[in-house]
Structures are given as structure tokens and as C-alpha cells.
């Protein structure tokens, strides 16, 4: 299945669940989903045999402070057909909440912990949402663009 | 002729003259063992240093590298340098240690194995004390090492050390059984526990390794396990337990454990040589002009080399596999071996 | 000289036995128990029973005490807990101990011991000499027939004990085994 | 806002462990964790009840740093992401940037990249073999592995002057052309190396203790493996065809012949065998590349100051020594990436550790951890 066919198929299968489906200049299929149907779309992409995206290759987030949003990005890969898709979900920057994909792909557990750790996106329903890389008592989310590091200077009292 | 017996005789004559000169002849019975123990200690210290060097060279050659070659000729003094380093380095102690067991553990570990050397006959008559129950004595006295290891594991107040102690206790208690069982057929055939007597029996017959190859194999295997050597070194498995029971020891105290381990190797190899490989006897009669203690040392080094070769070629067994191997393979085979030997002794009339 | 040695060993035994039951750290108790056992083997050695001494060390120090220590380590947290030395059964225990002592004394009084004028002589003597005087010296070689030969009368007891131990072993395995369900 | 988020943060609470658990910290300083990985292991005697990996001890915020560097500058940092297999990460980043910019490196550069990446795979697998054998107590293979790895590093040093962090594969090509004597030396190495693989196999593969320790231990079923994102040789040990070189060919991997090594059992031994077979495949791959190597430019002509890539995004994957290595780049039209995410194989491979070790002995943690070929900087970045 080429990306174009995949695009039309997704547009018809998930008609009112998808905000946009585009093919980028780099020939990657990028699908932006509506927040409320995020889980449904992901579940469908994994379980329907004509998609068979069994592999959550990568999950991360991108911070867009100008548009006041953080985009959660998932890259899926199908071992069966060898096609790739990018799923995007925009969340509010001030109150970043997204449903967890942990029950669909186990690998999302750590990916989401990492996104939480570095961007502060709260994945609702996650079984073990703790900081994964930064210290437990760390108070900032370093990959956000407005992150300012004053951590290394110990100020005299 | 140069033989162990003559050397011992002339040395003791010299000593007794010395006693007479300072007027201590009356205490001959007390002083003789003390001197003998010191001689043995000196020998063991030098020999262990040589063995450590040898182990490093053996491992180096097996791993296609050179090994120590800087200190002294062929790096022979490397171990001396290491020993000096160990003695002068800072002694790091855990704060919440259990003081008395923490300090006595290395001492017991060293003394218990060292005491085993007392009954090893290096040549005919060249032995500190050829006890009547020599074999049993070695097994009994070396079983103290378990207490040392358990004390070390417990008193270090370290979880890895404690786990190492657990493992060691389980391992040594388990492997003591096949170790003793593998020696029983030999005792049945010779009818004595005296190590000198066992060698004398072999001088009339063949070496026991020919009669009792299975027992020899079981003995070497369980002796390796008793000495906590790879592939049975799970009490100190460095990839899991860091240093095991001696994680928290440094300096001289660590050196004592280290020394104890090497002496355990020497003792068990010496027992293997004495019991299975004819002790001080030459392999062929026409080679008898070479003194017995030289034959003994050659055989001893060969057996130790074998133990070293195990260490540098095998991976480490897992703790439950180790137990399975001991209880489900070695012990049944050893018991079967005893039964077969018993029948042979009964029907072909050797021994009792 | 020989008596001094005896009192020394006896002192060690009694002292370490006392410490073994009074110390509050169970692990230390076990260590002193090992020392007691070792002392007892010293007494055996003093009585020319080399075999018994070695077996005493092998079994009681090498196996029994080790298992006790093993048990302590498995059931206790590392060094953070002290045990009570006494509990409600202390008087009962005293009565039992006294009774045991009385029985032992009675048994000792009734038994006839072969005494030996120079107990330390055989220990330091060379093996050839000790074999020359088998009457004063329990040799391993003579110990076996004593135990096994039917006419000596110990064979039944020996076999009985081994069957008892075997059944104890099987029982222990049955108890220790986890329910497969 | 921060307070709101902080209230959500759960902290490692030591009191959650029951009194009966024997909790052991393996690491961050521990001889078997290949760096500074910390594992909190709950034990019942020797049996593992739970393994909790605690990451972050080697976190150097490479992703954040890359957001503040230009694309060519980032290459230097990719070396540090996986220092055992730095060439692969170099390549991953260079390829991602080229795809983002719509560039194509000249053929000679492509072949050179393949040669070096495959050599790197050999070096990485050799080190892995030694470390894995060392983890289960056999110390000798480590030295054997390093002996040959040393000669590979010599080849690297000859070409780019570095032995660990190469910075060799650049955007649009490679840093420098190989020396004339490289090809014969490389061939001589391959001829020397191929029989050595049999030597390793003699030492380990059918060693009874090695079999005892690895066979049936830490089984990854294909379903669990795929779902948990395991990748690379670790997943191929379970019989899942997941080689990016086959699935999504990059460079000239579609023009050379090689087999994807698959084993079916999914235990530590299968993973070991997959990697051992990959050694042979890589040797044959390098030979083919050396045959096809033709003179030509090694770099596309780029302006001295790099043209800014378009405001677009790319997710580009390669097969590194450890498995799938993905780079997610988001350009914003400036010379610096807006977002640069490294998707590393070790990160996902470490995640399954808990599942694989439950109910096994503490020694099996080492065997499983070793067999997954985990590199801490890749986990933490």
C-alpha cells in the first residue's frame, strides 16, 4: 500500500476522527487526530489487519510555544506491510493532558514517562507516571522551549 | 641421597643442637611443631605468591595477552608488589559493621585452610604431623571456612555480602558431601585415613586415579566448589554480587581472604595429588632418583594448573544449577561408586 | 601441664556455652555455639579420640552450626534486632536442664571408664607408636568393626539410627516442599 | 502551572516495599550493569520478584543540546549517544538531515558509509560478546573480542584519526576519503577475522555451562517483543523479521546480498546466536561493498554555511548495531533543528527487562541484561 492509498483509506475509515492527513515533502504520511478519538484511532491502526501497525517505533513530543501547544508525536511501523505513519495529537500547553497509549503498545510506558519527564505532558491512565531521567525532586520540564537553566549555580544564602 | 626424609632429619638434628645450646631441650615437643608451622607458613606464603603470579600468567596466555612482566624477571615480583600495596593501603571499614565477627572472619578463613596443610606429606617423612585421621582432619578443619564466610557476609552489613554468605553456606555444605563421599572408596581400599599410609598403599599398587577415576573427577569438581573457584565461584560472583562476602573488606583483611582461597586450592590439590596421584611417588620406577618432594610439587602444580584452566574457560553456573549438579549428579554417582568399590573390595579381597 | 590444658579447654567450653545462651545478638550466640563445639572436640582430642574429635568438628561446626546461622540469617533482618534472652518458659527449661544434668551424672557414675595415666602421650606420639598400643587408643580401623559387626551388638542400633535419620530427611523434604498447587 | 504538574509526580517510595522483600540495588556502580544503570531488584531469597530500572544517571540532555546547535554541529553529539557504535548514530543523523533537506550523498560516500557502519557493527558485536560472556562468568572471551575489535579500531583510526567518537559520517557524505592502503588492509582484516568467529563459537556456543545459563532464559515471545518495542538482534532472536536494512532499505542495502539472521526460541542463547551469525553476514557485506567501491567524490558540494533545511519534519530509521535507531527531526527553517529526538534501541530493550526476569534468579538478570546488548548512554542520552 502506498502512502496515498493509506491516506485515503485512513481518511475514509476514521472520517470524523482525523483533523488532517497530509503527505509531507519527505513522503511521510502525517495524521493529526482529534484528542477525543486519539485512543480509538491508535487502537484501530494496530488491530485492523489492513493496517497492522504493531510497532510503536517512537513516541515523543514537540513544543510550539507560539501556537501554545505541545504536539505528542507517535511513529508507527508495520512489520507486516512495511509502512510507516506519523500520528500527532495537539495538547494545550498550559494544561497538557493526553490519554495513554500504554494499553495499546506496552512500549509507550517508557516513552510517555520520558515525554512527561521532559515536557510535562500528563498521560491519563498511565500506570507508572514518574520521572524517568531527571531527578525525582526536579521541578522543571527541560525540553520545553521556555526552559531556562539556572540549576548549576548554587546561590549563597 | 637427597630425599625429604633426610632433609627433615638433618634440619631437626640441627634444631635440637640449637635447643641444647640455649638450654631448651626440655621443650622439644612444644618447639618442634612451632618451628614446623613457621616453616610451613613461610613456604605457603612464597608458594601463594608464586601461584598468584602463575594464575595471572596462565590467564594471560589463555587470553592471548602477556600478563605481568614489569616487576622483576618475568614479572615474578608482581605479587610481592601487590602484597605490599595491600598491606599499606587504607583500611576501609563499614561504619555499621558487627565488629568482632568482622575482624575474626578473615583470620578464621586463613587459619582454617592453613591448618589443613599440617598433614600434607610432601615426601616420605616430610610432613608436619602425619595424623592418624589425616584425611578426616583436613575435611573437618577446612569446614571452618564456612563460618568465616558467613561471619564476613553477616558482619559487613551489606546486602551483597549477605547474599554471598548465603550462597557460600549452601554451596559448601552441599559440596562437602560429595567431597567426602569421593574419598570413601579410597579409604575402603587402603583401610587407613593417614595420608602417608594412602601413598604407601599406592607404592605397592597403582595410583588411585587408575582405580578411582570417577572419584578423582568428583573430588576435583567438589574441591573447586569448596574453594569457591570458578565455575563455582557464585559466593563472590562479581557480575552479580560484586565481591560477595568480601565486598566490604580491604587491605590486609582482604589479603587474608585471598590467601585463604589460594591455600584452599593448594590443600585440595595436595589432597588430590596425595590420594589419587601417588603423592611423592615417581610416575615410573626408573625415575626414582629424583627426590619425592620434587615429584610432589610437579604433580601439585599440574593439578593447580588444571583448576586454573577451569576458571579461565568456563562461564559461571547459576546458584540453583550448582545445587542441582551437586545433589542430583555428584552425590548419586559418588554413592554408586562407593557401592561398586565395596563389592569389589568384598569379592576381590582388597583392604579390610 | 596436661591438667592445665584440660581446665583451659573446659573453661572455654563453659564460658562460650554461657555466652551462647545469654548474648542478645543471635548471630553472636551461634558463633559461640561453634566455639563450644570446637572446645568439646578439644576434650575429645585430650581423651585420645581423634576420630570423634574430627567428626565433632565436621558435623557440629561444619554442618549444624552453619545451618543454625543460615536459619538466623534467613529469618532475621540484618543486625537490627536483638532477641529477648528469657521468656516465660525459663523455669521449665531450668527444671529440664537440671534433670538432664542429674541423668548425665547418674550415667557417668554407673559407667566404667578405661582410664589412662598419660592422656596426652598418644596425641603427640608418632602414628607408629600409637598403633602399637591399640588398647589405649580408639583407632579408626578398629572403630568400624565395633560398629558394624553383628556380634558386637551395635549393628542393630547403627541401622536403626540410620533409618531414623533417613525418615527424618524424607520428612524434612516433605515439609519443606512447596505445594505444587 | 508547575505546581499543578508537580502534584502529579509520583516519587520512588521506598516504603512501598513490603518487609519481606529483600531489596537490592544493582548499580549505579556495579560491575555488571555496563555503565551507570541502576536496577532496584526485589528478591525473595535468590528469586527475583521485580526489577525496576532507574534511568538517568547518564542523562546528558543531548536532545536539548542539539536544539541549540546547527545541524553539522549535532553530528559531534551523536557520537556520544552510543559510544560503542558511534558510526551508526553518525549515519542515522546524517541520513535524517539529508532526507530532510532532500540531499543525496554520492555513491562512493554511500559505499564508504556502509563499510564503516558494518565494521562498526562487527566491533560492537565483538564487545557485546565479551561483555555478555563476562556477565555470566566467562572472562576469557572478552579479551578475544577486544583483540579483534582493536584491529577494527585501527582501521577507523587510519581513516578518521579517532578510535571511539569518529565524527566521520557527515551530512552529504563522509569526512575524508580513505587512504589507498585501506582497502587491502580491510580485506586482510576480514580474511584474518573470519576464522576467528569459529574460535569464539568453539569457546562459547556449545559450552555446556553456557548453554545451561542461556538456553530458555529470558524468553521474549514475538508478541511481547513487538508490543514492548524490542528491536534489532534481540527481537530477531524471537523470529521476527525486523531488520530495517531489509524493511526500509537505506544507503545501498538493497543492492547487496545478505541474509537477515533469525532464530526462533527468543531466549538469551538465540540472541547470542543471532549476533554471532550477524558477524558473518557483516563480513560478507563488507566484502561486497569493497568490491563495489569506485572512485568518485565523497561529499556533495555544500555551501560553506549550510542552507537551512525547510520547515518540515522527518522520522528516519536505520539499523544500528543494537537495533532500530530512529531520528525524529523537526526543522523550523533555521539552521538549527527545532526538535531532535533520538529513538534508541537500548531504551526499548531495557524496558522488557522486568518482564523477562521475574521469577528467575538474580544471576539471570545479568544474563538477560547482557543478552539485550544494552548501552546506558543510549538509554539515557
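Read from first to last, the chains carry the letters A, B, C and D; within each, the first residue is number 1.
Assume a contact is a pair of C-beta atoms (placed from the backbone, for glycine too) under 8 Å apart; a residue touches a chain by one contact, two chains touch by 3 or more.
Being a predicted model, the structure only gives us computed values, none of them experimental.
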Problem - Shortest path length from subunit A to subunit C (each step joins two touching chains) - result: 3
Handout entry: Required minimum of steps from subunit B to subunit C, each step between chains that touch
Key = 1
Handout entry: Contact-richer chain pair (by C-beta pairs counted) among A-D and B-D
Key = A-D
Fill in the blank from the handout: In whole angstrom, the CA-centroid distance of subunit A from subunit D equals 24
Problem - Euclidean distance of C-alpha centroids - subunit A vs subunit B, Å - result: 63
Fill in the blank from the handout: Per the C-alpha means, the centres of subunit B and subunit D lie apart by a whole-Å value of 45
Problem - Between subunit C and subunit D, centroid-to-centroid distance (C-alpha), Å - result: 60
Problem - Junction residues of subunit A, two or more chains touched - result: none
Practice task
Could you list the positions in subunit D whose residues touch two or more of the other chains?
Solution key: 45
Exercise for the section: Would you mind listing the residues of subunit B that make contact with two or more other chains? Expected result: 159, 166
Practice task
Based on the touch definition given at the start, go ahead and assign the chain network to line, ring, star, complete or other.
Solution key: line
Handout entry: Pairs of chains satisfying the touch condition
Key = A-D, B-C, B-D
Fill in the blank from the handout: Interface with subunit B, subunit C side, in the complex: residues 25, 27-28, 31, 34, 50-51, 54-55, 57-58, 61-63, 65-67, 69-70, 73-74, 78-79, 124, 126-127, 130-131, 139-141, 144
Problem - subunit B to subunit D touching residues, read off their complex - result: 59, 62-65, 159-160, 163, 166-167, 230-231, 233-234, 237-240, 242, 312-321
Completion exercise
Given the complex, residues on subunit B that touch subunit C span 29, 96, 98, 100-101, 130-133, 136-137, 139-141, 143-144, 146-147, 150-151, 153-155, 157, 159, 162, 165-166, 169-170, 172-173, 176, 191-194, 196, 352
Practice task
Under the touch definition given earlier, write down the residues of subunit A that touch subunit D in their complex.
Solution key: 24-26, 28, 30, 54-58, 60, 62-63, 73, 75, 77, 79, 82, 84, 86, 94-95, 105-107, 109-111, 118, 120, 122, 128-137, 139-143, 147
Handout entry: subunit D residues within the subunit A interface of the complex
Key = 1-2, 4-6, 8-12, 55-56, 59, 61, 63-64, 67, 99-100, 102, 224, 226-229, 231, 240-242, 247-248, 310, 312-315, 317, 324, 326, 328, 330, 338-339, 341, 343, 347-348, 351, 380-381
